[in-house]
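There are structures below to look over.
Here come two complexes built around chain A, the first alongside chain B, the second alongside chain C.
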Partner chain A sequence: MLPHFSYIRPETGSEAMSQLSDPESFVLAGGTDLLGCLRERIFPVRKLVSINGLAQFHGITETEDGGVRIGALTTITEVETHPLIQNRFPGLARGASEVASPQLRNQGTIGGNLCQKPRCWYYRGEFDCLRKGGSQCFAAEGQNQFHCIFGGDGICFIVHPSDTAPPLIALNASAVIAGPKGKKRQVPLEKFHVLPADDLHKETVLNPDEMVTEILIPPPPPRTRSTYRKVRARRAWDFSLAGVALAVHIEDNKVVNSRVVLSGAAPVPWRSKAVEDVIQDRELNSKTIADAAQAVVEGAEPLEHNQYKLPLFQGVMEEELLALTNQA
Partner chain B sequence: MSDKDSKRGGITRRSFITTMGAGVAGVAASGALFSGTSQAKAPEIHKAGEAMRITLTINDHPYVLLVEPRWTLLHVLREVIGLTGTKEGCGRGECGACTVLIDDIPRYACMTLAVEAQGHAVTTVEGLMHGEDLGVVQQAFVQKDAFQCGYCTSGQIMASEGLLRANPLPSSEEIRRGVSGNLCRCGAYTHIFEAVEAAAEMKQK
Partner chain C sequence: MKNDSVYYLKDITAPETPEPGENPSPWTNTTIIGKRLPRVDAYERTSGSALYPSDLLLPNMVYGAVLRCPHPHARVKRVNTRPAEGIKGVLTIITGTTPEADVWWRNEDGYRSKLFDPHCHYEGEAVAAVAALDPYTAQDAVKVIQVEYEVLPYIIDEERALDSDAPRVHPKGNLVDTESYERGDVDQGFAQADVVRERPFHTRCEIHTPMELHGCVAEWKGDTLTLHESTQGVYAVQAKVAEALRLPLSRVRVSGRYMGGGFGSKLKAGKYTVISAILARKTARPVKLVLTREETYLAVGNRPSSHMTLKAGVKKDGTLTALQFTCTGTGGAYPAGGVALVDWLIRDLYTCPSVKTECRDVFINAGPARPFRAPGHPQGSWALEQMMDELAEALHMDPVDLRLKNIPTVSQGRTGQPAYTSTGLKECIESGAQSFGWKAARQRNKSSNTGTLRRGVGMGGCVWFVGGGGPPSTIIVKLFKDGSVNLNMGASDIGTGTKTIMAMVVAEELGVKLKNIQIENADTGTTQYATPSGGSKTVPTESPAVRNAAIHIKQKLMEMAAEELDCDFEDLEFEGDEIIVSSRKEQRIKITDIPKLKKQGVIVGVGYRGPNPENKSVNPFGAQFCEVEVNTRTGEVRILRFLGAHDSGRVMNRLTYDNQVFGGITMGIGFALTEFRVLDTGQTGKMVNRNWHDYKLPTALDVPADMKSLPIELDDPEANNTGAKGLGEPVTIPTAAAIANAIYDATGIRITETPAFVPHLITRLNDLAKEG
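Our next item is the complex of A and B:
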């Protein structure tokens, strides 16, 4: 049984925002992550504000500039199967298809997928860990095979669980965030997630009285190819052990521009500038790809039980770049 | 009323009695009741632990219920209404035993608040029955011996039913993907895939 909470389902956006100004309230969308956190009593929630009555935050539309707007309440399945996403942003369609299980994709929303809480088993378990306000990180010296190799900074070693954030960041997408009193701001998704060194107690830049209302993806430059690859033990449910999202713009066989974002690597979706720099202005031949595979683990700081992630990321990077060159 | 009910949507006399025993008002007349939420009123806050009155449409029957905000759809189906065909496995979205259809789409009833199911059509495994006869997917599962212990079966059947409603002739890869959110600890997977294939064929006829 879930713990007690009060519940309200506003019918307008402004009503929802005024409810969220109550510091004890939490947004309920698909609920696939939140209800799990409630059941396990990870953090106290006294009031749920269901935004599922707000149809204006649902759906996928083309923007005037040729980009795409995705309402935060759009389900992962809808993102995965929408023709606009499949045709223009195949990396995002692939990322969505790799999320959890069919039922969870049918229920979970794109906004929620970006705002997931960490899956570290100490955080989700009965451990008073640093992120929950305790005095130590149990993963540092404990069972850390699914933890990060970048960005832990000796503080907290979670990985961000999203499979849609890496392709969205590769595609240079932004989140539109609504705040109190009709305030709105737009944040590039690359700057949306928060490293432990910057703030240990939040995973995103959202304030408690804010919520994501939509995702904007700019029109892709011509001849941009986007992909996402996720490695995991089971074909359903599992979170990424090592994943790579690519958006690569190739002209005359040379990389003009690229954005490379890793999942399963860091407490935030991890942009690999090292790989981007290595492949810039080069043809994706075997030498370039071998250099990229070296670069992807440059500066990695593996823990005792996750050293396997280094060769895994190298292999995945190599395979994904090879696959890209094989695309017509 | 019970006769009428037993013909519609396959609520048996037993479940009907259980339902009444649990203090639920089963509303006989359909129509008008599908409006669900009261759109005209400003939203009100429902206090923790306080029962709120909702209407759920389950297997085409409207049920007027008193629920706490924290009750899951799974809890209400099994413990309040007495529709025990839907099973609780993990209770945390990691096994699929509680799969039901919401507006024809498979979802986990354990990860859905009952109050959030208002205004939607919920279908449980009981809703696939035609009176005392099994539905097509159920028949296919029996024919292909697609279970051993049977605990995951109603969830497997509902995931398969949802798949076939969206995609009447799935490929074998699409079938594997369609039931990939449902664990079977007996390992009856190959027979489950065969059953879905058979059900797709049977539904074509």
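Our next item is the complex of A and C:
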């Protein structure tokens, strides 16, 4: 069933990093995504490096500047239920609560959630598609009802499956990445995921010998409200058809600053600058909201079977902005 | 279609059993029957100690796996098993050229193919199989077998299957059959109508996804084969395997005491059954072959999709004048009832003098259908019940009133139009509407539906084609001297609570405690012949025979007691576990104190299922009501509440009864909102959502917490001696249509194609908004 692989559970971060330098070695966190990939033999795997023995990558703490640090091994459930997250970053708590099912949230980690593989049914099935090194994207002309409307660029039409990435990006979070020989870098999550046009064979900027160790969320500007709303084909255990993460800073009834990130829209969590621009410095009245709903699908390139995503994103955008004004 | 060629008996030979002597009339008062009692095997089932075939571990057991064709249509040219032979732990590999596996497999209607047919007509057809020391090695071995296929042109679109340029699934062409039915004169009927409406409807292919996968454990002892199979009918499996392997029936023993659901897909043996038997013979070890979930999506059944058109005429006062229905459906690559019973509700449910139906069954290169909980009915209901609502609206009539205007007392669709022994259709609709608060909810929603969250109510009625059960059934009950009982019955308990209900019948008659009844069932080696548990007929078939067997014991006990108490047999009656002399109440004797019983040790009672009444039809009826909330910005549908009012005769056990109602509604919600097979049309022709994630079953959150079961319990002394009718299938018939009607009530949008989910709804809502 599973391919043959070796399994290593290092005790220290540096040992983990040196193990990862072997080719075809993968970080194993909760395993909820990776084991499925192994079973379907989607990519070759020779070594699993479990990071579950590394306690330092686990947990949620407040940073000195009032932000939050989330260890990569923190479970989705912990993110969902932690008071710091619930109080300061309700959009993220909401995003986490919308992930999969309770069992998967208990087992899956935030690091794994950001690094998970696409859910395109051709990719996960017996199809030798472009992303897997084949010669054809089956979704382009095929069953593409759950595929992207932005960013496919005629190459690959996956949607990024994560429900935590959009709110994290809306909150301007970044990932701390450890590399070989003690190297460290910090990448804004907005720049963490990779479009097919940039590299068809990877979904994140991580090199094979790197891993995410923690997520940093800066302190929210005062009066910023964050939300996440997800529409799906069934009410649990299902990925986003269309979702919107908002972090909106409103002063004197006007939008001072906003970040709008879509799920279910593109191969990466999709920042909708068009919406941000439209609502900038404006009051969130019905005209603004209608304009924002128009803007959210600006430039979209729907496929044969996912045209419905246009009115759907418009509806979700409208609903979420309205909900913000009602909260005010 | 022949009226009485019931799908669960198709291709099955069944013995005639003697008629029971005196047929008692149904109970007037009961002490146990009808109670809300937990299952007799609840502890075993929930603690994990119940052994399902998938759980079985036999000494020396090895594991099988099947290699399946990855193309919708292909010819196997060469199979190279060598790479698999080299894997440590692989014991044997069988292919189409293995002499022992050169076996014919009989499909329905005269189509037959080889067990490993080189001409693969659908994705998932078996090509080879492996036995290995562990299941993982078996799967690995299957993956490295090299098969050279000649990939052939395929057709997977049933609407184009009859085009002249469509690739042929079989040499004879792609038409399986056209079934027509006509009564009255529809042209005249439409001419007399004040309102005529016509509309196409489409339902998508739904896959059986029982909790327990399909599979079995095969074991040879000398020349005798024992199969532990997850099945709805052990005798049906026995027949099919004996035929395929040319074995005497007596040498094939099939046992299936526990099984984890089938919904029609386990009425017969599968190729996997025969394959495991061959592997077991070749390895001389027991072989467990349980399919993977992915395989079950491809190869062991589905509810066929259907493309229907329904035209209906009605007079101003609400009387239907004519119904005309056409349907194209497909059972996949072999004849498998692609349109079976889809038109039944149109023919039978509501009074209508003129009805014409024409159903075309075609072949496509996809996995064969198998009966799926109420075959054909939810599809036909999807069309009929939505059409009824459309007519009601045109007439400015309440949908409930329109249906009540057209309640038949005879089974119009059957030859000779026999009367129903009982019909609760009217009561189901009336009492259901009342209990649901139908009128008030409709009113309330009408006045408050202005925002973006719109509420609506919908309903639908139903009849189930069969559900009366019938002979044969033979039951043996043994009463031991200590008052405990063995009940021996061939029927499978497919999760519906059959065993519990039968034990309750014995307890009702003999005053025995449930915990003192041991049940031996579903084993061709040790239990009596039974037809498969399907068609909602198990309770009405078996419970009367169980009752007769218990009564047989009672009579013997009374004879013994009469001798003992020196009184007239006629003067005795049963009270709990005692026999009393009616004329001298103080004179009584406990069963277990009867000296003759003590001496004999055991009394054996035999019961047979008596015949059904002549020229009458026994059918269950029902009506379901629901309220939904639609988010008009996003097209999300939330089901707020459901009510199922069902007439299935006597309620045997209120707890298992409600389980069926809730389970049927849940399944219907899946059919309406989330489930559909997706084939890679125009490209590979393969199924793309063949797993539990992409093929979406409803989750707990998709099903409302507010579900009500309202039994409409009518006496039906003619049906059988317990007065019970079937329940398991009617409960899923009107669910989807009721939801579609509620969505219409909420939004004014008629969803004619399943599933009614976000992509469809948001598109339609958007169109509606554009039209203004």
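The rule is short, and it goes like this: the second predicted complex is superposed on the first by the 326 of 328 C-alpha atoms of A that agree within 3 Å, B and C clash if a C-alpha of one lies under 4 Å from a C-alpha of the other, contacts with A are read in each partner's own complex, and residues count from 1 in each chain.
The rule is short, and it goes like this: contacts are C-beta pairs under 8 Å (C-beta built on N, C-alpha and C of every residue); 3 or more make two chains touch, one makes a residue touch a chain.
Every value quoted in this text rests on a predicted model; they were computed, and no experiment measured them.
When the two complexes are overlaid on their common chain A, residue A:Gly31 makes contact with chain B while staying clear of chain C.
After overlaying the two complexes on the shared chain, residue contacts for A:Met1 are found with chain B and with chain C alike.
Shared-chain residue A:Pro311: touches chain C; no touch with chain B.
Residue contacts after overlaying the shared chain place A:Val231 against chain C, while chain B stays out of touching range. In the superposition on chain A, the residues of chain A contacting both chain B and chain C are 1-2, 101, 235-237.
Of all the residues in chain B, the ones that touch chain A in their complex are 37, 39, 42-49, 52, 68-72, 75, 91-94, 96, 99, 105-108, 111-113, 115-116, 159, 163, 177-178, 180-181. Note for the complex: chain A touches chain B at residues 1-11, 15, 28, 31-32, 35-36, 38-40, 46-48, 50, 52-53, 77, 100-104, 106-107, 235-237.
In the complex of the two chains, the chain C residues touching chain A come out as 70, 135-136, 139-140, 452, 631, 633-636, 638, 673-674, 678-684, 686, 688-691, 693-694, 696, 698-702, 757-760, 762-763, 765-766. Touching chain C in their complex are the following residues of chain A: 1-2, 101, 121-122, 124-127, 138, 141-143, 145, 231-238, 241-242, 306-308, 311-312, 315-316, 318-319.
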